[in-house]
Each structure stands twice: as structure tokens, then as C-alpha cells.
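In what comes next, chain A is part of two complexes: it sits with chain B in the first one and with chain C in the second one.
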Partner chain A sequence: MDSENKENAPLSKKALKKQQKEAEKAAKKAERAAQQAAEAEAAEGEDYSKDRYGNTAMIQSRDKPDRVLVKIRTLTASEANKKIWVRARLHTSRAKGKQCFVVLRQQHFNIQGLIAVNDKISKAMVRFASNITKESIVDVEGVVSTVPQKIESCTQQDVELQIEQIFVISQAEPRLPLQIDDAARADDDESQGPMVNQDTRLDNRILDLRTATNQAIFRLEGGVVQLFREALMKRDFVEVHTPKIISAASEGGANVFEVTYFKTSAYLAQSPQLYKQMAICSDFDRVFTIGAVFRAEDSNTHRHLTEFVGLDLEMAFNYHYHEALEVIGAMFNDIFRGLRDRYQTEIETVNRQYPAEPFKFLEPPLMLNYPEAVKMLRENGVEMGDEDDLTTPAEKLLGRLVKAKYDTDFFILDKFPMAVRPFYTMPDPEDPKQSNSYDIFMRGEEIMSGAQRIHDPKLLIERALHHELDLEKIKSYIDSFRYGAPPHAGGGIGLERVTMLYLGLDNIRKVSLFPRDPKRLTP
Partner chain B sequence: MFKLDPFYNFEEKGVDLPNCMFKMDKVIGSMEVLLPGQNGSDELSKLQALEQRQRRILEELSKMESQVESLETKFGVQPANQSANQSASQSVNQSANTYETKTPERVKGPAVVGDVIHDVVIYANPASPPYSLIYLYKSLQMQYSCRTAIHIHSSVKSVPDKLMNCLGNGVRIERPKAQIALTLIWKDVTHGPQLRVSPSSQTPINGESNIARYLARLLQPSYEEDLHLACLADHWLDLASFSLIGGNSKERAAAVRSLNAHLGKKSWLVGDEASFVDAVVYSALSQTGQRSGATGNVQNWLKACESQDRFEQITLFAD
Partner chain C sequence: MDSENKENAPLSKKALKKQQKEAEKAAKKAERAAQQAAEAEAAEGEDYSKDRYGNTAMIQSRDKPDRVLVKIRTLTASEANKKIWVRARLHTSRAKGKQCFVVLRQQHFNIQGLIAVNDKISKAMVRFASNITKESIVDVEGVVSTVPQKIESCTQQDVELQIEQIFVISQAEPRLPLQIDDAARADDDESQGPMVNQDTRLDNRILDLRTATNQAIFRLEGGVVQLFREALMKRDFVEVHTPKIISAASEGGANVFEVTYFKTSAYLAQSPQLYKQMAICSDFDRVFTIGAVFRAEDSNTHRHLTEFVGLDLEMAFNYHYHEALEVIGAMFNDIFRGLRDRYQTEIETVNRQYPAEPFKFLEPPLMLNYPEAVKMLRENGVEMGDEDDLTTPAEKLLGRLVKAKYDTDFFILDKFPMAVRPFYTMPDPEDPKQSNSYDIFMRGEEIMSGAQRIHDPKLLIERALHHELDLEKIKSYIDSFRYGAPPHAGGGIGLERVTMLYLGLDNIRKVSLFPRDPKRLTP
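Moving on, here comes the complex of A and B:
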């Protein structure tokens, strides 16, 4: 009320004075600004550091300088006071008067850089640095120097880079479809800023993949393949490659993609099962294969993809299929141990954005029998028959019960009822209701389903008839066992599922580089 | 509860009781029981009446039982109940073993653990192995078909080989054929070993002494049948967990002194032969490094333990 009155009332002496003062101030300010501009112009005119920054011409491989570019990962306190060159992305820049802070990023490592006006660096250079668009690639020369206080926002916390030269190698467009910082924000951290939803991420996967978390996820995923290979090579397995275009549906017949094949049609392989088994029958003894697998299942869940990477293995054994099961268990433990020991930083990086309990496992792996699992579930209120299959909620519950009792996220469930397994599963010798088959679980989700396969054509035909299958369609499968076949067992896992469950992620699309599901075919 | 008539009916005997003072039991009245022939026929009829009463109660109980059974079949809860019974039977066995579980059929039969394996999971730290497990496992093995499995948890990098086969590595019984399984997991647990059977319905059992109690109750006969021995056992078990393992140096010394005093009079801690209690105390001394420095009676007792069959494995691994 008071102020309103004053405004309407004729100006008092005091107010007049005030106004006058303000006008004076403004005049002074304008004067100073003009002076500054003139100074700047003058400075620019004689820019003493104009050779120290700029946009480089497109690299067409004209020169091959001797310049050594170091990795940000290696920059620690021990490298202090060295002058080095770095090529990195400009993650962020923040100008502050006569200095400009930048964060340089290289994969999932980053370092703080500082450009401050001094006798070598002009104001114009600082201005240039602060105007480089985010995500541009730059070459930077600078002196590594230790900092008194740890830099919490960077991976290299003990050092920063005193930048002396900065050149733009490749400029990014100023408007980004998503901000890397937003994409890297932890799920429960919405108060800090906007989140990026899954579809935006997948539509702009190239940017999304630049986050430290994604860099770590896919390095770890590569590690899973590497460790799978190492573990099996060590055990005398042979790596084979099976065809992906096949003439007939390998399993069942449903859920296959049909493709035109010249004048007829063919199918995309659902699993390398048949070819693995044929390799065993051709005396390869132990084989594994890594390759794409296609499933035409129209299910939009957190754990189904239409194309994924299958890690499959099959081995001949001597007398008991547990020989194979032990190899599989040991292989998984090798993978888990390898991930735990070699990918510590990656796991930590992922956990920062998607917190999860560390993956726990037992050595040797825990092996339970189906009736035990049924008993555990019944004690906890699940109503199911002895020969019923596990439903997805029952699987999850079982996972939690096993974790509570044995404290392991990984276990093998042996002796599934015959009724819920495919026709080629070998029945138990003593109890015809049980079968020599097993499922393997990680964090309460099934990741591998395997069994001793029937290697005798007569029994195979008998089982196929029992399942009322058309013998004509599976003739080639049955025929492959006619010329003597060793007893064998095996199984297959999905690379994406193993990675997802190991890291405790909630969606399989997070671990597929360019995921394919019923609703997504691009990018 | 059931009501019982007073055994002696003073009114009927026509004894005058003074009512000016407090009532007191008649000394003579109770003496009469000791004298046979005086009014024996009367006593006999009383006993017979009592017997009849009991018979009536039993009849009523069996009637109720058949009623419940008919209700069960009527509502079709029989099959579900059976599986529940299996888990219940185990706890029944622990508490009510005085008159029923002693029969040999119960010991051998699958009723104790159900038709599916009874898996006892124990987490232990490889830095302080609960050696008494070895003794108890051997005892269990004499009564049940047992199997063991030893795992290393991912929280532990490596475990000495001798600990990996401390529960014997002879004939392995396949899982479906075993009644009891002992799953030992070497894990980075901080507050002593831990036992779990059915974590959704019971809290974990902590400490070597309590684990030993649990396992000893699975044995037939249970150590708790003789209350006197059970008390003694509890005394030594608590001494092992609170003073020998959990105590400071003063308490430890005091515990060893009381052990020494006891062993001067007796050769074993409880009863006339070696028992799991000896194993638990032995294990406590081993884990805390007090075994080598033992003197006097304790040293003799340690030697006596080591000469026992069921200690054989312990001495192999405890060094």
C-alpha cells in the first residue's frame, strides 16, 4: 500500500535525488562498457594468442604430426606438471569472468580443464573456449596440475588440466536432442533435473550411448562374451558358426521370421540347437557358438527382444549329464569371477546410475532339485502340482527364497518334470515323470534352459509321437542320430539377459546396443 | 485342563478338623497310605475310578480325532495338510520327543524330515571355522542318510583346501536320496556362524553354540531328554559362546579356570562320555588360539577328545 501511494504521489526530494543518482550510474556503466568494448577490440586486434585456438580444417589425413595424445584415464597425480595433448569431447563449459572451466570427456572418464586469461591466453581465447558447442571433439594442450580439493564431479579427482591450446576438430550442432547429463542422471534423482525416457534414449541412441553408464555397460557386455569364450576354450570347446538362414523352423515352428529366399521362403534361426547337436554327432566333442538368434514373439516385456545374441554350448559326456552341468556351472562361475575381478570400475560406474546389490554367487554353484523348489514354494503359499511348470511370479519368488536361504543370486534347478519339457529331452531313468533337464537362474529369472538330449532315434520318434508331432517335419533332426551319436547335453543363454541380470538392470533394452523389439526397427 | 478329584477325601472319613486355626494336612492321614491293608480296598477303588476317568478322556480324544479326520476329508484339505505336516513334524519332534519319537521307526522313517531333503544351511567365516560341525555331522550321519555340500560365497576370495573338504569327501549321496543335507557356505560373516533352514518362517540362528543345539536336537535321542544333562550342556555351551569366544581376556581366563576345575573331577564336560558339548568347547578353544597353551586338566581333556573317533577330522583341520 505504502509503495503504491508513493509512486502516485509527486516525487519527494529524496526520490528525486535517488533518480538522479541512478541516471548517473547508468551513464557511468555505459561509459565503462564502451571502454571495455574498445579495449576488447583493441585486444582482439592484437590478439597475442591467436595461434593457440581455433577450428582446425577438416582432417583429410594430410599431415601426420608426431604429437602424442594421451588418455584421460592415465592422468593422475603422478603425471603432475607434465605438458600433454588430449583429444576429448567437450562435455560442458562454464565461463566465469576471465576464466573458463571445461569438462573434457573420454568414454567414461573425464577431467576438469581450466582456461584463464594470462600472458599467453587472451580474453578472446577464453571467449572462444566458452562458446564451443557441447559434445564437440577438441584437441587440447595443457599442463596437468594437482588440485587442493578433490573434484567430485569428475572421474580424475586429483588433477586438472591448465589448458594452453584448444582446437576444435569436429563441431557438434548447438541443439542436442538430449543432454548427456540428463541421460546419465540416476533414476531416483528427478529433483536434480529432467529425466530422459527410454524411447527418447533409443531414438537418439548415439548420444545416449555416450554416457559413462552406457560406456561401462557395453564394455562389460563385451567382457561377458570374452569370458564365455575363455572359459570354454580352457575346457577344450571348439567355436563353430551355425547358419542363420534355415529351411525349416527348428523348434516347434511358431515364432519364426519368414524371409524370401529367391523363389521360395526360408526362416531366420530361432536357436542353433539342431546345428550344435549335428556338430556333436560329427565328433567335435564340445562346441560353442556365439551369434544372433531371432524370435518372432510379439511380447513387449522388459526381457524379450526379437533379435539377440545367443551364447550356446553343447558337449558330449561320458556317463552322466551332470558332467555337462558341472562344466556349465563352472563356466558361469568363471564369468562371474572374471567380471567381479576385471570389471570393477565398470560395475561401479553402472551402479552409480542404476544402483543394485552386488551379484552374489557360490563356488561351486548351488544345485537344487525341482521337488525341493516345489516344496519351498508350497511352504510359502504357492499352490502348484508336482508336475506344473514354474510361472514367472513363482520363479521370482523362488529366486528370493533361495537368496534368503543360500545368499546366492545364481543357482541351478535340476530334474524338471518331463511334462513341461520339449520332446527331445531325455527322461529320468528311474522316474518317468522326471527328466534329465535343468534351468539356470540369475536373480530369480531363468537364463538358460538345457537338458540331456535324446541321442537314440527310436526313443526320439517315440517321444515325438507322444507329443503328437509331425514326424515328416523333424525327419532331418531324427536322421542326424542314425549313424551313431554320443550322449550329449547343453544349453543356451542370451547375452543381453545375462548382462542385464548381472548388473541388476530392469530392462533388456539397456543392454542391447540397438535393440530390436516388436515396436522398434530403427535405429 | 482336566480336573482331578482330591485323592483323599477327609469329609468321608469323618475326621473332625479344628476350625479355630490354620488348616494343616494331617500327618496321620498321609501316613495311612504307607500302611498296607488298613483301608487298601478303598484306595484301590479310587485308583480304579481314576483309571476309568482316564479311559473316558482317551475315548473322547479319539472321538475328536475321528471327527477332525472326517472334516478333513469333507473339505479336502488332506493333501495340503500333509505337506504342512512334514515341516511341522520336525518341530514336533524337537519339542515332544519324550514319548513318541523314541521309537526306532520314527528315527529311520522319513517323517523326521519329510520326503524331500531337509537342507540345513550354515554360513561360516573361514577365519574362524566352527569345528564342532564336523562332530555333529558325524553324529547325524549315524542316524540319517546325510549329504554335505560346501560352497564359497562370492564375498570370500579363497578358502584353504582343507576347509573345502572338512565334512568328508567320501561317498556322496545324491540329493534326492538324502534325508538331511548340510550346506556349508564359507562367507564373510562377522558375528560368528549362522544357520538357516526356512528363512521365510524363522529367524536365522546365530553362533556356534546355538547351531550345535539345533543340530543336536535333530539327533535321537535329543540331548534335552535328560533335563539335568541339558542344563549342564547349556552351561558349557554358553560358556563357549559368551566367555571363550565373545569374552575379553579376563573372562576367557576365568572360563578356562572353571573348565580346569570341572575336568579335575570328571573326564567329560557332560555325562560319562564325549558329546557334542565337548566338541563345541574344543572348537571355541581352537578358534581363539587357546588350545596350544592349555595346561593341566584341560590339556588332558583335549588329548582325550582327540583320541575320539568323531574328533578325528577336527584335529586334522584345526591346526
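Moving on, here comes the complex of A and C:
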């Protein structure tokens, strides 16, 4: 909607000049190349293959040719002897006397192709093929042929393509800022070629994302979101959308990004929590929302982003917040089962580059109480008070201890101390130092925080005053509970953390398409 | 993830004092009320019903009672004579001699309840029930009973509940800022009671959202998103998430919100378009993304929001952008068929408050070319040049003309003039004044804009220079096409517009849970 009618800032004269100069230079270079090619061709006489290869004009939707393009993943021995067209990237090409071997790639599938001089294929055509720049997109016609020996380096191991026509659809520049094969190796495997460090990857993300591993990671991440939705929709949750731009009223001042909003200021929401609670007060009963969440924390760690995708849910319950916690636990198990059953190929692909133990979980999930965790930690040398929060190293250690004792990478930690939870957390009725709140862990890292919320405005005000909050700023939030509010609980999940930890990856930037951190705003 | 551990701004001393004063006042009031109740009870002697009603303590998850709460929508004649528990809002109560009629509400379902003095139910209990404030949440035990005459005012018309116990779970304040029944009437129907104007509704959104109409609108809107995803996932699209915080680099300067980003500045993305194109260049082939989109336009109209939900898609195609346009058309028809088949109840509920003609669409969708539209408009008195954009009134007129001629509320308008489209739009190969771009309309209003994008960096630079853009700022965007880029097309849909126009509503604020416009940042 209107999304493409944007005004744009005018160009400075100096920049304009520079750009024109560059354009002229590029044009001259192209002209020279064309001339050389023409000369070469003239020297060889008429090329009998000349209609079988070349650079095609930019596809501008001029024609609708009646040509079927097949997918590489469908090319197996059962397709042998068929002549097919395929569009793919030229992953590599290697000339060898009168023939040229190419690898054609589509996402994480690839196949070997062969162009050999014969009565249809001229020397010039083989030369053309061997000079196509890596990562160019080509349309290729060829015959599917079985091979005597498995091609170990390709996903299609039983067949190759005997190429009869090859046209470049979109040419890649000859110098790539990173090589796909280098990016596809494990971070610490330098024996096979140069490593690609994280900043190079992220600076050239559109190339980095072409590796089989990245294709698999983001397909699996899409699966996490889909499984989250399926699990909640079958349990009668309604999907809602909450505002990201908020007035000062509903959030505290720290770690929040400020936005210029016409003549006033606004902020970017640190979580949709207040809004999903308001949706519960509006009788939606069970809601979830998926969207960007913003944290202006200057945290440069392996697990913090300034913008991430929040998977948030909130539900009214009848008498006990464990009703909600049971739904949350069952939902996570639905997700883990779904990933295991639907994304095995993706998991294996990622594991080849980044080996990890399979993710283990229990049915139903393990639930521990905070005092039990403190006890386990103390028995293992951690010094901490009953009401202290878990430090990051303590979380990791707890994860290892739980894994050793219960053989699970997933557990729920219930009954956090009141002292370390936000003002809207419902106190435990039996022990006011404890609260009806929980964190959830995967491989020893927190991926979700949640609680029963206070639904009584009087107690909410009391707790807000205890936390020395400015009641004026949270007025509309508190007022939401004045007109009848059901008891409710919920929580917020970080999508990227779930993906990272499920796959056993070591950095959250690996699972964010275009990550944002305090030092990275591009691309 | 960490979502609930926020630092908060300290409270000023003055505000603190005021708050404490208010808290004291409230406490005194509560004390007086308790005293009065005690006196009344004492005056009547022992109440034989006293265990059958009352205000329960705040539900703090102390117990897990073994009580089943049923849903009102399941209460029909087939449940007659069963004794059940239900939790609901007290929609209304009306005392009449020794009995009290109540209406109990759950979302858009409601049932009549009766509390009459008998050997179990005392006068005091009936009085208690008749004094429960509207919108309070109650737990009620009662016997489902068939009624001799249909109860027209309730959704459960064949039965009522003979109440034997009633407990208030969460008490609403006695003075509601708006009455649900008033909010549930059509905007222009003043004969039955006061109207509730839009600002009052939005200021008290958590009450406004409780109407049957709003419950239906947002359930249907959730359906639009789900149907969009289903339609695309079955066509092999991958769901991705794109950053909302962007550097200055990829967008123009107008209509964009500025964000303070640590020691520098950033902007809120006006669309995910550049990122979904980059995902295509990264070999994801077909992608969609759902998320907040921001427009800093000072447009105070019925159809503009400063923050809305964008349903965006982008796909590589083989030879002609109509391949993408066919997918888009089929996707919309999937959505319309899905809404018609799965959301009939919701549509009827909304129509009762806001009557509208059923939404009409054709299989396959109607596709017109821009010159045809210009001709139709000119024949009906509109003066416009071949390369002029459509004005809003012209769009509306065109919608009426198309409806009259083709009997459809949905159509695709292809081949917009190059002059009115953004720089990255692919020109028509036959006529450089036309472009391979399209808008899509529902009931004469634009809900989607899209195009074949230029995938050739040389042409992209040429067009950017023609538009006098600063190439430096769009460098990473242009560079995305340097390493082989497939031809691709896509578009962006405004979720709220689709919902509004499908239902024939008159204002986009009706379909946004907590709308944002230049004048509204709360709640």
C-alpha cells in the first residue's frame, strides 16, 4: 500500500559527477570486452554452436516462452536420458582440455554438468562456459545421465547433466567479496582454505546466505514460527498485532530507543507485554503475537540483538497459573517434535558445518523450582543467596547439571524470587519472597521469561509504588484492570535464541537474516 | 527473553505523595463499604445462603480446584437439566421483586441467568447479585433450563441458567467510561441510546474491544494473516523477518521516523521491500514477511495509519512477471474463499452493527491494464493525462465502474505509467513510458502495490540517477544485484486495509487493535 511511492533526497552535484564517471568507465570496459570476443570469434571462423550459448538480454518480461524449468532436487536416476531445462547458479566451473565441468546450484541442491566439444558443441562454446563467472545465473539445457561412480561433492550423486545449451541470465561480477565454498566451511576449519570471519559474512550477507547451511537455518527458523502458531491456534489462541511505537506512558526509561514522532517523542516497544495483557482484559482470552522487539542495550555478546523477533503469548486461566505453564510446555514440545520430524534434512545440513548434539527434551517437560536449582548450584560450588538472580555462568552450569541428571536440554524453572522480577509479577500466596514466575531454558540459556501477572489494580499500584515507578506513566496500563480482569499468565520467547540453541549454534547473528546490534545497522 | 526485567525511571516525590493519598482514599472507601455490608447482614439475621455467593479473594494460584468451567457457546437445549459452572462477565443485571435476571457474556456469546429467592437462595443473595457491577467477572453455578419462549437478546436462545451460586472473581468499577451496549450499536443509530464516538472508543479501547463486533473483527483479521500464510506456504514461500531499524542508506528521507541509535541516528523501515529483494538475491526464491511498517506521513484520513501490519511477498520468476501476478491473484482468491468459508459467523456479526454488501470476487481475478482504466475514467468525465497517477476520487470511481461492468470488488490494475512509479520499477520492454507494475484494489481502494523490480545493477543505477537519488545511500541495495540476481517481482499489502475493505468498514482505526496515527499514540 503506497509502499513504493517514496520521495527521495536529491543527489549532490559532486556525487552525480563521480557516478557518471564510473558509469562511463564501466561502459568502456564492456565495449573492450565485446570487441575482444568478436575478434576471437572472427579468428576461428564461423561458430557452429553460436545459437547454443551466450549472454541473454536482461529479462524484462518481453516473452512468455513455453519452456519448463525443472528443479535440481528432482534430478535423480529415474529421470535418466530426459532432456531438460534448468535455471541455476553456476557454483564452479573447471575447464579440462576439450571439456568443462560445472557445478550447478539451487539453494542447497547441486548437480554436476559437463560441456564437451562434439558435433553440436564448439571449442568456443566450451571456452564460453568455462569463463562464466561464479554465482552467475544460467539457463541450461541438458540430458540427465547416470554416472558410473557417485559424485560425492554434489547432492545429486547418481546423475550429471550433459549440457547442450547454456545461456547467462544474470552475470555475477568476477571478483566475489567472499567465496561460497569458504563460507560453507566450519568457522575453525582452516585446513581447506581461508576462513570467512563473521563481519565479512555479515557485510556481504547476500552471498553468505547462499550457503547450504544458511538456506537450512532460515528454513528451519521459518518452521519454528509456523510450529509456534500451529501449537497455539489448535489451543484456541487468537493472533493479534500490537503497536511498536509507544508513548512514554507504558514503559520505563532505560534500554529503550527514542523515536521522533511528528512534534513529539515516542519509544520503540521493548515487548508487547502490556498490549497482550490489555487484549486479555478485552476478552480475547488467549492471544499470541509475533513481531519485532527492540532493546537499546549496549550488550555486545553472542546472544544479544538490539532488534529481534518476539514470539509472545498470554492467556487467561481459571485458578492456577500452572494451567498456562502446561500449555507453554506442551507448545514447546510440539515445536521440538515438529522440528525433529519436518526439518531433519535442514538439521543435518547445519550439523555438517556446525556439529552439535541432537536437542533432547522430555515429555512432559521437566519443571524445577527455583530453590531446587539454587540447591543444585550450591552443591556444585556456586555461592548465592536465596533471592539472588542467576548469573549467566550459573545458568550455563545449571543447564549442564540438569542435562547430566535428567538428560534433557529443555526445562522450566518456576518460582523465581520476587526480588528479581518486575513489578507486575504475582507474588506466591504462600511465600511473599517467591513469585508465580518462570524462566525457560534451552541448552543452559534462557529463551523465555514469563509469569502470572497481577490482575488486581490495587495490588498492582502497591507493587508499582514499591518499585518507585511513576504511576502517571503507567496509568492506562493500570486502568486496564479496573473493569474486570481475569487471572492470566504468559511469556515472551526470543525466536532467534530458540533457533540458535535448538541447532547448538554459538552466535545469535547466525540466525538473524540481517542482524542488528549496537555496532551493526547495515546491510 | 529478558522481556520482563526492565529498569524503570524513579518517581518524583510529589507524584509519590499524590499516589499515596489516592491509595489511602481508596482504602477508606473500601472499609466503609465493608462496614455497611456487615451492618446489613447483621440486621437480617443469619443468611442461609452465605456460602453460595460473595467476593472471592484475588486468584493468586493458591489452589487447583477440581472444577470444570464450561463455555457459554456449548450451552444449548441438549445440555438441559445439567448443573454446570461457568466463568463469564456480568453483562447486565436487572432485579425484579424477589428475583434477578442477569446476562452472562463470553466474547460474542451470552446467556440469560436467573437468581430467584427460594429455600437455597436468600433475599440477601439476590440483592448481592443485583448489585454486582457490570463487566465484573463471575463464577456461576447453575442448572441449564429450556425456556418456553426464545430469548431474542441472547446468542443462547433456547436455554437459561438457574443460578445456585455466584462469586465475583474480579470486580469492575461501578462507573464505566463507556457502556458495551452503546459501543455495540451502529455509529449512526442514536434512537436506542447515546452513540460512542471514535475517540471515546479508542481512549477506552479495552472496553470497546469487548463488543461482539470487535471480537469478530479481530478474529477475522487473524484469519486474513493465517490465510495469507497458508496460500504462500503451499506455494513454497519461505517466511523471513526483516529489520525494522535501518541505517539512512537504503531509504529516502521523506515520511520516515528517525530513531536515536546509541551515538548515531537510524530510521524505521517504511517497507521490508529492499530486504525481501535481498533475500531473493540470497537464493530464497520465494519469501514472505509479516510485520510492522512505519510511515511518518501527517495524513489524517480514514485509511492511513502511521504504523500498520505489512503482508509482503517477493518471488523470483522465470520469464515474465505475470507468473508472480498470477500467484498473487490466486493467493487473494484463496484468502477471500477462506474468509467466506471459515468466518461466516464473524462476517454476519460485524454486518449486524455495520451493514455491508458481501464482498465479490472473480475466479480468476479481473486484470485490467492502466490505459483501459484511463479510458473508462475519461468516458465518465475524469480529465487526466496518460501518465498521470490515479487520484483517490478517481480510484473510487474506477472501483464503481468496474463493479458495475464486471461485478467484482477485487481487481488488478497492471502496467502503471513509469512516471508515477519508484526508481526500481522495471520499464515495459515495448513502451518505456509504461512499467511492469501493478496496484490491486478492493472496493475501489488500493490495498497493494507491486512490480517487477530491476535486477540489473546497471539499469538500476541509470534509473536511480534519473530520479536524482544519492547512490551512496543505496549502495548496499544496488550491490545486492552484482553477484547474479534472478528476475523477480512482488508487492506489499496493508493488512488493515484488506480487513477494512473486505468487511466494508469506513475507518481503518476500526481494524487496528491499538491504532497509531499522527494524533494518537495511546493507549
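Quick notes on this structure:
The rule is simple: the second predicted complex is superposed on the first by the 473 of 523 C-alpha atoms of A that agree within 3 Å, B and C clash if a C-alpha of one lies under 4 Å from a C-alpha of the other, contacts with A are read in each partner's own complex, and residues count from 1 in each chain.
Heads up, the rule we're going with is that a residue touches a chain if its C-beta (ideal position, glycine included) is under 8 Å from a C-beta of that chain, and two chains touch if they have at least 3 such contacts.
Everything numeric here is computed off the predicted structure, so don't read it as measured data.
In the superposed model, A:G142 makes contact with neither chain B nor chain C.
Of the two partner chains placed by the overlay, only chain C lies in contact with A:S271; chain B stays clear of it. In the superposition on chain A, A:I290 contacts chain C only, with no contact to chain B.
Once the two complexes are laid over each other on the shared chain, residue contacts for A:L471 go to chain C alone; chain B is not touched. Of the two partners chain B and chain C, it is C that touches the larger number of chain A residues.
In the superposed model, A:N255 lies in contact with chain C only, and not with chain B.
Of all residues in chain B, those touching chain A in their complex are 83-84, 87, 114, 116-117, 119, 121, 123, 149, 151-155, 175-176, 183, 185, 187, 196-201.
Contacts from chain A toward chain B in the complex involve residues 336-337, 340, 358-369, 371-372, 375, 378-380, 401, 404-408, 414-415.
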